[in-house]
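Mind having a look at this structure? Questions to follow.
All chains are identified by letter, namely A, B, C and D, in their written order; residue positions are counted from 1 within each chain.
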């Protein structure tokens, strides 16, 4: 049952310090009565971008005249438990490992009973429009990803 | 029951000559078992753009360096009949009336039994990036919208 | 420019007492850089259901063995102003008029500068599964819809 | 770059015999100009269900009084190449391996130039409502998944 990107589940969970909250919309359910399998990836995107805003990277990528932008290289979603209309979910995000111009982000989604609903991971690469290739993180950016104390949740 | 943009329903239906086809996706249903009310507007968008491609306008609006682009000013959707997973629908589109830089498009969505599922309408305006205002249709473009013979469906 | 369901815009705005908040997701933008026209109707649904939860009607409709459920009869959306990624919007909802088994709901969407972004309306009908027809509101339910003091926003 | 579920890419591609077609909708793009990363998983769902309809399993799962239904256990998406508005994509699906009550499905998405745009995989489990547990495939169903000649594309 355990996803291939999780070694020790208890330790893995403790390494998260940042989360964003979502509330399941009616339009996100399907005729089987639960949240459709295509929806959690939109929660991951929402939480990832909130996290990147907290780091200050998103603002930089959204500048109209900027050279750098992020690309999602891959995504994994594990559906641990069915989720229903109106549930409020905490979507935790952490930088699990850093590459030269990429970051491997992990996701842990918990309902209000503390139950794990979804887990996931995915690599993101910072691309330069000029070169069409990965653009390396600065030392300051690496520090940001690694210093989890800087990125705790407000809520 | 009749929508305020339809005078004579039989005549209104006969004026459509163009349609695009959609198939209801599982992810478009909701926990009430039918197509969610937020979905038909995505079918309208799909059919509207296919129609605009047929007219040759969409290609022009999508040019990277072009000055003109379309904006949806308003939309109405009337849900005449519940629609379910896997139904195949013909989404008819027509230009019901033309303004200086706008067009009022009507929509008629029919299932494979010939039953009306949704009707709708919405105004679209051609905007100039340079002026920020509506940009008038050329006489050739008006002719395109009005000559329904030119815009029959292929399928 | 004024939508056909608004007589006096200042008065119309003052009659709203309930709102729910949404934050524009990245996946809700399109290649024209703004919120796609198919998205505001999902904000309306979210706010409508929050409002129906506040009234206590949604809980009743969601009971597994219940006879009654709501159906959206029509929807109108007016796109007053372009909306962009990450904006926080207040989606106001009110019951503008009541039928025997239906209600006409109006929507007013405001950004954090107090600017109107979208307005809208749509009728909703309470249907009985047993009869397949509209099921009349009780006097208590009518009172709920009409007594706006009962339905002010918490946030 | 190679996904962990692909050993020999050339051989992996040759094992697909079934595909369903999708056309990228405007509302599926985002402000970076390409298809948003949350969208390919909806293409996978569409193609998976078309494939399950071809096998005859979907019809069985959708029976109102049936005991069995499918649950997606996990999903992986690899974004090999950016995809843009209006592209027509062939979404190939195959059963890569069979468990007692589960199946590991692989996905390969190709544009009209024959370029790989996305690859993916995900396990699906057939659940019994009565027991809440996985319900084993019959020998006939196993045969269906394994006999690729039976499941070639029509289009």
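In this section, a contact is a pair of C-beta atoms (placed from the backbone, for glycine too) under 8 Å apart; a residue touches a chain by one contact, two chains touch by 3 or more.
As the structure is a computational prediction, the values presented were derived from the model and not from experiment.
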Most distant chain from chain A, judged by the mean position of its C-alpha atoms: B
Winner on C-beta contact pairs when A-B is weighed against B-C: B-C
Where chain A and chain B are represented by their mean Cα positions, the distance between them in whole Å: 36
Whole-Å separation of chain centres (CA-atom averages), chain B against chain D: 30
Where chain B and chain C are represented by their mean Cα positions, the distance between them in whole Å: 24
Overlap residues in chain A, where contacts from two or more other chains coincide: 26-27, 36, 38, 42, 45, 85
Contact set on chain C toward chain B in their complex: 3-4, 32, 36-38, 41-42, 45, 69, 71-79, 82
Chain C residues touching chain D - in the complex, by the definition given at the top: 26-27, 29-31, 33-34, 36, 38, 85
Interfacial residue positions of chain A with respect to chain C in the complex: 25-27, 42, 45-46, 49, 53, 62, 85-86
